[in-house]
Structure formats: structure tokens, C-alpha cells
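What follows is a set of structures for review.
Next, two complexes with subunit A in common: one pairs it with subunit B, the other with subunit C.
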Partner chain A sequence: MSSTSVVYLKDHNAGKFIEANLIDGLTREDVEKAEADWTPFLDEQVKRMEETGVPRRQWPQHRHWNWRDKYDATEEYLAYRMFGIECQSQIQGLMLVLTAGKNSKIPSQKGKPLAYVHFLAAAPWNLASIVAEPRFSLVGSILVATAIHLSMEEEFQGRIGLHSLPQSDDWYRKTCGMTDLGPDQTVQNLRYFEMTPEQASGFLR
Partner chain B sequence: MEPAGTPSRKTMTLNLTETEMKALDDLSATKDISKTAVLRQALRLYQMIEVRMARGEKLFFEHDITKEKAELMML
Partner chain C sequence: MKMNLSKEWLIRRAALDEKQDISAGTINLNKLRAISPATQAKAVHASTETENSNPAFGILINLWRRKKGLRIDELAEKARVDVAELFEIERNLHYIPEPRTVFQLAKTFDLPQEKMLELSGNLTVRDSSLGQEAVRFAARSESVEKLSKDEQRALEEFVKFLSEK
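This part shows the complex of A and B:
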């Protein structure tokens, strides 16, 4: 079952905040539409990067993510929730969250449940690492705030955890203020980040 | 920014033995969540396991150090 609430993105062209919809419980059609919009844009940008000699390490590291496959793999499970932000008839960001079976690794919170952000991505035209002038900002922040609220709704007190792609490490560490627990050998050596209830309160403030 | 999908909830009475209730109380205290939240977690995990086992997958525990694997037998 799908529902929406109003959020606000910063529109860089208009120089003002603009109304958007936070969708909880995306349909397969929503996800297919997002893939259909995102993939050609991303492919075009990667091609441009290749042609202009941009080092491969600067290419978007999540370019291989297929959200339709993620939807198909998780839609049956109660434990997964997929969120999207829709604005101007396009999906501006997507997030998949697991709400069962993950516990905190931070010593002060050890063993207590958290919401695990499996995947989070802004639309490629919103990423400053890909385009010179991103269309909308705040997409990632709104999705992280949504994960925190979901964690609270589940009585996890705002605790969230995630594995970050290297290009996003600094954003989770500095902008989100999450605790960096270092590389996780069990998940492709990606760095594992967590947010405590206190950090979650600080982020939402 | 709050998740908008909080569905309407239904209430049920649960009959548990004293031992089962003690286990539920202990989990509630350890995890620092209500008994309802514990049972919600349990249901989500159970449902996930059931779906995957119906697809022919098995559930294993692996020892963190020895890497020894043991299959969890489900009814």
C-alpha cells in the first residue's frame, strides 16, 4: 500500500524551495519509470566522462544499481520498505530500508535494533559529482531523515545503519554526522556507518 | 518527512505460557522496544525466512571465528 506526504526540495534553477511528494511504498510502475528516466541520463554522463578523460574512480559508483531488480527482490517481504521522492513528474531519489534483523554495533547501543538503509540514491541529474549544475538539492538529506523517522516509528529511537560507497563516505560522516565504524570485510570492504539516537536528534534539528 | 505509510493497525489478544512471556519480556528489555515491537520484528523475520525457504533456500548460522556452519531446521 502506497501513501504520500509533502516535502520540499531546493530547486537550483528557480532559486527557491519547491513542493515534492515523499512516497512510502513505491509501485513497480514508479520504479520502472525511475529506471527509464535515470538510466539513459546516467549512461550519457558516463559516456561523456569517458570521452573527456575523467578518471574511472570519479565515475558514479552506483551506476550499476538496478532499482527494478531491487524492487522485485524485496517486494514480498514485510521487512523491506521502499521510498521515493517525486517532483515535476520524475522520481528524484530512491531508498530501500530493512526494518528487521539488524542490530547496532556501536558499543553504547550494541545489540539494539536499527533501520538498515540498504540502498539510497538521488537521481543522477541531482548529483554534483556528475553534473555541473544539479537540479534539486536536499534529496539525500530528506531520505536520511525519512529513515530516521522510520526508525523512530519502529521504536528504534532513530538508530540507522548503512554501508557507504567510497564516494559518499564524507557525506555520511560530515553532513549526516554518522559514526564511521570502518571497512566491513563482509560487505565488499565498504565502510559501515551508524547513527545513534543522539546523532539522529542532531541531524533532524 | 515522516514516513507517511503508517498503516491502520489491528489489535489481537495473545495467549502465551509463562516461559514464553518471560522470553518476550527479556527480548523487550534487551532490545529496548515494546513487546509489540518484538513480535512485529519476529513476524517480519519469520515471513522472510518462509518466503526464501519456499524458494528452496536454506537457513544457516555461521560461527564468527571458526566459520563453522550449522543449518537451522525450520518446521
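This part shows the complex of A and C:
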């Protein structure tokens, strides 16, 4: 069952905060709508990058993600929760979180359960790697805050873990203050980050 | 879920988030199998293996690419797939590529998508004869710059087998 709560995004065109909905439990229609909005925009931008000679390493690294597949693969599992932020009739960010079977790797927290952020992405028009002037900011922070709240709700005390795409490593390390546990050879050498209960409190303060 | 985020928090975080990329998650779906509804009916289950036990997919792509006289980056452009993943497919014969990549390559080479999904380790199909045929194909192929006559023949026979209904 889906529920919504009010959050706020910073609209760069208007220069102010505007109301948005955080949706917990997206429907397939929501995800299809997001894909229908995101994919043509993303394809157009990738084509532009290709034509203007932007090196492939600078292209958005999650351009191949298919959120419908992710939805279909996980919708029957209670342990997976999919969240979206809707604003101005469009989905501005999506996140898939796993709430079972993942434990902390940080020595002080070792073995304690955490919420694992399986996938997190902002709409392509909100990505600095794609557009010179992203439309909204706060999508990432609100989704991370959501994962922390979910972790607390599951009595994991705010512990979360995720594998960052290289373009976002600095954001998780410096801006979110997560612990960088280094490249994970089992997950395409992506860097694995975790947030302890103390870091989670710090992030929400 | 109630989110109580103060105005001060929003202002501070908005400044920190500006012009940042925030993506997390694996680049492919190896850890989260996903298949199209069209293929689900025939599938016993989507593979949960993290390695493809059958090396034929990578070999097929390698031979087909060379047959077409394409470099890896040229094929990546043509199929609109990531060059790094294409390298991985050819270099690590037990790598399971992302389903989208398999679809794109199947489309580019005009090969049947479901069999390519099965060959790539994304899908397990009941009573499939593909496995044995693929092993025979793989055993006849060697990684050399130019296709040998035997490789050429093996490729043609295997593609014919793949294309059979």
C-alpha cells in the first residue's frame, strides 16, 4: 500500500523551496511514468554528449538502469521498499531499499542489521553530470534521510549501506559523512559506504 | 513514514547538494535479476548465479564482432551499450551482463533475445538444448585476431541453431 508525506525541494528556476510528495510504495504506473519521462530526456542528453565529444566516463553512469525491471523483480518481496519524490507531476528521484539480510561491515557495528540502499537516482534533469543547471536540489538528501528513517523504523538505529557510483563517491563521503569502506570486488569494484547511528543522527541534525 | 525535516536542515542541505550527483547502486543487475514479462512465462527462474557457467555468450559476441570487422568501442557505439561492459563480456567469459545489454546486442546482431538471455546466464529455461550446443560451440572457438575457417563455421552453425524456432 502506498502512502505519501510532504517534503520540500529547492527549485532553482524559481529560487525557492516548493512542496513535493515523498511516495512510499510506488505503483507500477508511477514507475512507468517516471521511465517515460526520464528515458527520452536521458537519451537526448546522451546523444548530445556523444555528438559534442564528451568522454564516456563523464556520461551518467546509471543511464542503463531500468526501473520497471527493478520494480517487477522486487514488488512481491516485503523486504524491498521503493520510494519516489514527486514534484510538478513528475518523479524527481527514485530509491529501492532492502530491509533484510544485510549487516554492517564497520568494526564498531559489525554484524548489526542495516537498510541497504540497492538503487538511488535522481531524474536526469536534476543531475549536474547531464545538465548545466539542475532543476531541483535536495532529491539526494531527502532520499538518504528517507533511508535513515526507514532504518530507524526497522529498529536498525539509522544504519544504512550502499554502493556508490564513482561520480557520486564524494557526495556520500564528504557531504553525507558516510564511512568509505573502499572498493567492493564483489560489486564491480564500486565503493561501499555505510552510515553508523551516530552519522545518521548527524546527517539529520 | 513521517519526515520531520526542519527549514534550517533544508536550507543547509540544499546548498550542499547543489550540482552533486547522488547515484547509488550496481551498474548492472547481476545482484538483482530482472527479466521481461515476455520471457517470464517460459522461464523456470531467473538465474540467481553471480557467474555464468557457460562461456559461449562472450565467445559469440567476440566472434560476431570480429566477423563484422568492428572494434569493441565501435560495437559499443553501434549497440548503444557501455564499452566497459562489452570489454568485460569478452574478457571475462563467466560474466553475466545486464539484461538491457543482452537485448541491445541481440538487436544489433539480429539474434533471438530469449536465447541470448539464456546464453548470457540471465535466464534458465526448462528442457533447453542450448547448453550442450553452446558448449560445443565454445570448445571449437579460440580467441585469435582473425576468424579461422573453423571458427567461422562454428559461428555460422551456432547462429543458425540460435535462430531456429
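The rule is simple: the second predicted complex is superposed on the first by the 205 of 205 C-alpha atoms of A that agree within 3 Å, B and C clash if a C-alpha of one lies under 4 Å from a C-alpha of the other, contacts with A are read in each partner's own complex, and residues count from 1 in each chain.
Please note the rule applied: contacts are C-beta pairs under 8 Å (C-beta built on N, C-alpha and C of every residue); 3 or more make two chains touch, one makes a residue touch a chain.
Bear in mind the structure is a predicted one, so any value in this text is a computation, not a measurement.
Peer 1: For A:W67, using the defined touch cut-off, is the partner it touches subunit B, subunit C, both, or neither? Pick first, second, both or neither.
Peer 2: neither
Peer 1: Using the superposition on chain A described above, determine whether A:K112 touches subunit B (first), subunit C (second), both, or neither.
Peer 2: First partner only, subunit B.
Peer 1: Comparing subunit B against subunit C, which has contacts with more of the residues in subunit A?
Peer 2: Larger number of subunit A residues touched: C.
Peer 1: First (subunit B), second (subunit C), both or neither: which does A:E153 touch?
Peer 2: both
Peer 1: Using the touch definition from the top, say if A:L127 reaches subunit B (first), subunit C (second), both or neither.
Peer 2: A:L127 contacts subunit C only, not subunit B.
Peer 1: Taking the superposition as given, does A:D24 touch the first partner, subunit B, the second, subunit C, both, or neither?
Peer 2: Both subunit B and subunit C are touched by A:D24.
Peer 1: Of the partners subunit B and subunit C, which touch A:L138 in the superposed model: first, second, both, neither?
Peer 2: The second partner, subunit C, only.
Peer 1: Mind working out whether A:S5 is in touch with subunit B, subunit C, both or neither, as first, second, both or neither?
Peer 2: both
Peer 1: A:Y192 in the overlay: touching subunit B, subunit C, both, or neither? Say first, second, both or neither.
Peer 2: neither
Peer 1: Examine A:Y77 and indicate which partner it touches, taking first as subunit B and second as subunit C; both and neither are also allowed.
Peer 2: A:Y77: touches subunit B, not subunit C.
Peer 1: Shared contact residues on subunit A, subunit B side and subunit C side combined as an intersection?
Peer 2: In subunit A, residues 3, 5, 7, 22, 24, 142, 145-146, 149-150, 153 are touched by subunit B and also by subunit C.
Peer 1: For the complex, give me every residue of subunit C touching subunit A.
Peer 2: For this pair, the touching residues of subunit C are 1-3, 5, 9-10, 13-14, 16-29, 31-37, 46, 50, 77, 81-83, 98-101.
Peer 1: Quick one: which bits of subunit B touch subunit A in the complex? Just the residue numbers, please.
Peer 2: 1-7, 30-34, 37, 40-41, 43-45, 47-48, 51
Peer 1: Which part of subunit A faces subunit C closely enough to touch in the complex?
Peer 2: Subunit A reaches subunit C through residues 3, 5-8, 10, 17, 22, 24, 50, 56, 60-62, 64-66, 69-70, 72-74, 93, 96, 117-122, 127-129, 134, 137-146, 149-150, 153, 162-165, 167-168, 170-172, 175, 186-188, 190, 204-205.
Peer 1: Could you pull out which subunit A residues touch subunit B in their complex?
Peer 2: Touch residues, subunit A against subunit B: 1-5, 7, 22, 24-25, 76-79, 81, 83, 99-101, 111-113, 142, 145-146, 149-150, 153-157.
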